[in-house]
Amino acid sequence: MNSFGQLFKITTFGESHGKAIGVTIDGCPPGLSIDEEFIQGELSRRRPGQSAIVTQRKEADEMEILSGVFEGKSTGTPLMMLIKNKDARSKDYSHIAEKFRPSHADFTYQKKYGLRDYRGGGRSSARETAARVAAGAIAKLFLKTLGIDIIAYVSQVGDLRCTSDYQRLDLSLIENTPVRCPDLEVADQMINLIKTIKKQGDTIGGVVTGVIKGCPVGLGEPVFDKLHAALGNAMLGINACKGFEYGSGFEGVTMRGSQHNDIFENKDGKITTSSNFSGGVQGGISNGMDIYFRSAFKPVATIIPEQKSVDTSGETTTVSGRGRHDPCVVPRAVPIVEAMAALVIADFILLQRRIG
Amino acid sequence: MNSFGQLFKITTFGESHGKAIGVTIDGCPPGLSIDEEFIQGELSRRRPGQSAIVTQRKEADEMEILSGVFEGKSTGTPLMMLIKNKDARSKDYSHIAEKFRPSHADFTYQKKYGLRDYRGGGRSSARETAARVAAGAIAKLFLKTLGIDIIAYVSQVGDLRCTSDYQRLDLSLIENTPVRCPDLEVADQMINLIKTIKKQGDTIGGVVTGVIKGCPVGLGEPVFDKLHAALGNAMLGINACKGFEYGSGFEGVTMRGSQHNDIFENKDGKITTSSNFSGGVQGGISNGMDIYFRSAFKPVATIIPEQKSVDTSGETTTVSGRGRHDPCVVPRAVPIVEAMAALVIADFILLQRRIG
Amino acid sequence: MNSFGQLFKITTFGESHGKAIGVTIDGCPPGLSIDEEFIQGELSRRRPGQSAIVTQRKEADEMEILSGVFEGKSTGTPLMMLIKNKDARSKDYSHIAEKFRPSHADFTYQKKYGLRDYRGGGRSSARETAARVAAGAIAKLFLKTLGIDIIAYVSQVGDLRCTSDYQRLDLSLIENTPVRCPDLEVADQMINLIKTIKKQGDTIGGVVTGVIKGCPVGLGEPVFDKLHAALGNAMLGINACKGFEYGSGFEGVTMRGSQHNDIFENKDGKITTSSNFSGGVQGGISNGMDIYFRSAFKPVATIIPEQKSVDTSGETTTVSGRGRHDPCVVPRAVPIVEAMAALVIADFILLQRRIG
Amino acid sequence: MNSFGQLFKITTFGESHGKAIGVTIDGCPPGLSIDEEFIQGELSRRRPGQSAIVTQRKEADEMEILSGVFEGKSTGTPLMMLIKNKDARSKDYSHIAEKFRPSHADFTYQKKYGLRDYRGGGRSSARETAARVAAGAIAKLFLKTLGIDIIAYVSQVGDLRCTSDYQRLDLSLIENTPVRCPDLEVADQMINLIKTIKKQGDTIGGVVTGVIKGCPVGLGEPVFDKLHAALGNAMLGINACKGFEYGSGFEGVTMRGSQHNDIFENKDGKITTSSNFSGGVQGGISNGMDIYFRSAFKPVATIIPEQKSVDTSGETTTVSGRGRHDPCVVPRAVPIVEAMAALVIADFILLQRRIG
């Protein structure tokens, strides 16, 4: 429910406008150097207010480690990270206490639990993902020691698509632009589109592409915990994610087997494939090639224009957004995608160790 | 690993050419009438040899219940179903004992486990999905008692796409054609395409669309077990599945929030939405509208023409398929998609009961 | 590892001398009134310094709820409780940084993890149990709404044994004496014994008896999650616990079946048993009678007199305890036993709801 | 529920008088030589009819492996073992269809599930433990490759107690007597007692002592999956088990810390302890010394003399046992205790590998 992973397991807690959010990692390998600056840096990539094209809410997202680290190293015991909520402004949300905002989780939470913390969306707020980014940063530190690198970028905003594959892009440019698209020409168009949308009080969707490099052969469980299924589960668990594909994905269905099959080659003693439509995963298990995938994000549900809706007593009403929401979620989704991917890979690394 | 679900939990076992495959359901609600004919019927929808456009292997897939049913009703104890393997023909596969077939799981299994049952793909064979279909049939029987209906159909083969939405199709026609596409005109084109591909010894991909009707409000856990994430995980766990989207999916990224938001309405005391881009799930929780999703399947890896590859000692070699493989997996994937969806919904029904 | 329970699941974190300890409850039913004073009261029953016969460490154990409660009620989302560490005195422990204290967890932690937070035992300290007591208090609040009552008391200290069964004791007297034995005569003897032992700088073991009243019929899973096995697992998970028995326990092995069998009776329409050697559980499932059990606790490992040992480099050394440890753990173990029992019963209540 | 273990995970199924019982092991390490004769031998140690002091039912308990083994070695995929039921005699049990046998699970099953397979106790029958013994035999084969040895024996029947510790007994004699007590003098007394009891149609309880030798340092999780708690959970999950203690156990509560503490010593470079009241586990983690424990078993509930009871409609009735039950369960419990201990240790071996 609020836990993710089997051996590198995280449990998150916290509501958007409660006292704090946070995460406990159970299973972080002992002896890992915990670089708090790196973790804070990852949180900054996700935090609101970082650029003109994201929500202007002010949240510092200062993380504090309360357990599981001793003299700078993980101890193998639960590593707990706390992020206090500061910019609460609870009164902003009292107007929606009795209303179900369209395409938000207000209605479903109310029906599922019989009550809800309506302040800022409570637990359904994307604020919860800060906890995942913090946990993912620890996973990244672990994966770095194994030479595994996880990178994500914005490959589509609305109709604007980055047409080159990830192999042809200079991924070192991702952070050079607030929209996090390494094709800087497309990035500029995306920024302009987002700004236009924002002026209209509207929102737009997008796609984040993820790439995992250096993954060893053998990760993933063949039947129900296939590596790509775990990645898909992870991505679809991010707020607003509506779709996931890896390797050739939906486009691969139009191909013939003779085109789609990845031919094995012996490259100086290492078995590789000449193409990679498999996306680095065969039979649910990593084959040592790059793993790449795409995650679709819908337009944010909060918009400024008035919309019709119903209230908690079933009466017709109207809802209108107030300022400070994201016109497009994907620039800030990039570090979340990376975090979730890192958590999956870290977990499967530990799982595979049981085979020895 | 080989288990799926939390409270309605299945564990499958068995290799393609071992003695048997099967499944144990732990958590089937007691008192459920077990209709064995229905289960067998579901298995027949998946079984090889059922039509001219699927593999011509002869497998009866006769299922026997060995436990958990007493006087025709489930007892709440583990319900075990066994399917013996008959048409083994193990010698057919000896030629691949030392070779890694392109885009199969031979290489990754060998590296992960250090050895593998190479006969017919062993555990990585799609044969394992028969066990899922049997378990899914039990889940369907349970869901039927609650008025929940799960339907899947082929909506794309190669470039041939069923352009109408599921709402505009007559879903009662699905089983009228071996390709399981309810748009019978497109179905005929699909069949012709598959036959052509088959003659070439090649294969082609496709898409299966799933629809869940009658799902109550409140299913799904909001953070890491979102209902759609569980469905995605389930679909991506089916052999050859490369992508999953629900509701507006990948196309939804091009929409504005003002277009995409589903407006709540009070319809004679029941809260519904005027559109359903959310795909029946908001904040990870079902909202009572139809749940619909699409799953992409790649072209089957086994093809007749000779392909280059490497063998287990790293030497260059060639591989060529022998008869009796599916030219296109999607017609037989339909009951598997339904089974996995049924397992997910049954599990979340039981999970939600804890809230009462 | 650091989680307990399936549907009412807790995850604890924190070291004895880190910044804080705490617990996240995932699965607390929504709508439950959260009485913070009650929780704090339970923590006070466990806290050091509460009487002359327990450790004189000063720990206030002030608990703060950071999430999962809104307007005084649980929301069904993770309920996180934090207890900050105050009386750290880390320097007290520097002398054991390089030494393995006899019968402590220093050696095994060092070997398991390769490093350890040696301050006050770190994670292996009984301090962690405060988090369980806080979580158990929430479970108790839930069980109270169902009429289920959980009581524990000290029934043995060293050789001093409370000879009456729980049925013949006035359990309302438990909190009238710091040793928490409702037989006040024996209680006085126990207190004297503990004081004598304490003067010697030594320690002594004891037994805590637990009773669960009002448990409905049907809790417990028959094969691997038998209700009594879950209770045993819970008790044996408490620091220093060396044994568990329920119902007739170890003494029951000397009985004949004809003596031991509990005869069913129809008491005004309710089926009860005339005796209760079964301890309220038959076939792993509660039968509606009182559940009772005993947990054995060894003498605390920290003693004042010098003991021989080895250090982390394998050299022979000596260790001697410094002040402020418990001469006998059982008076403070009583609320921990109750908390763990409450967590088990709450979890099985939710599990049973799946059957409906 | 019907699964046990986290990484070496078993799921059992089957009723006493259904078609078959069996077990699926998910997580057996690949490449393990599977000695079927050894497994069958372990089953024979548990099977009815093996001697004059156990039930005279005729069950061959022939086990067949249906998956997960290829060319004599485990493949890492689910290893399924089936044992068909032969000596069913279902009519024997029709007389209890409507009655609740005292201290059996009839009443609790009926109330929990609303129906039950009453034939021979159905799922609550000890017959289910054959599946555990089969799985435990695989675990033993795995542990043997690591030099870990698991031995159990009968140390008490009724009042007859084997007074020597396990260290002073010649454990190679265990199988020399049908009662499985290596103190052959006491064994003879036990046999006589059991025969007397049997003639009376009555039953008697007993204690099984278990010893684990060669366990490496570091197994066990410190907080909620302490090694001894997992062992206790495993033992208490065996039918008729009423208590568990390890190391000094219940007797240890009378000791002083200064007596009970195990002093560390450096023995030729290996750190050991001079005494072993800890029972090989400190802080929940193995310390490399022998692990030893005791499990109490109540007298079997089935007895010949007529007993009062109630039937399913609440009416007063009488029940009397028919032939072929065990007068004392412990001789046949020995291989079950070993099997469950082996499953626990195998699981924790795999869990510890994640730390590497």
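Labels for the chains are A, B, C and D, by order of writing; each one numbers its residues from 1.
Just so we're on the same page, a contact is a pair of C-beta atoms (placed from the backbone, for glycine too) under 8 Å apart; a residue touches a chain by one contact, two chains touch by 3 or more.
Keep in mind the model is a prediction, meaning the values are calculated, not measured.
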item: Taking each chain's C-alpha mean as its centre, the one farthest from subunit B; value: C
item: Comparison of A-B and A-C (more C-beta pairs in contact); value: A-B
item: Distance from subunit C to subunit A - Cα centre to Cα centre, in angstrom; value: 39
item: Intercentroid distance (Cα basis), subunit C paired with subunit B, Å; value: 46
item: Interchain centroid distance [CA atoms averaged], subunit A/subunit B, Å; value: 26
item: Per-residue overlap in subunit B, given as positions that touch at least 2 other chains; value: 1-3, 12, 27, 30, 76-77, 112-114, 123, 222, 355
item: Complex contact set, residues of subunit B against subunit C; value: 7, 27, 29-30, 76-77, 222, 350-351, 353-356
item: Residue numbers on subunit C that touch subunit D, as the complex places them; value: 1-4, 12, 100, 102-105, 107-109, 111-114, 123-124, 128, 156-159, 197, 202-207, 217-218, 220-226, 228-230, 232-233, 236-237, 239, 242-250, 252-266, 269, 271, 273, 277-279, 281-287, 294, 296-303, 305, 307-310, 314-316, 352, 355
item: In the complex, subunit A residues that touch subunit C; value: 1-3, 9, 11-15, 18-22, 24, 26-27, 30-31, 64-68, 70, 73, 75-80, 82, 112-117, 122-123
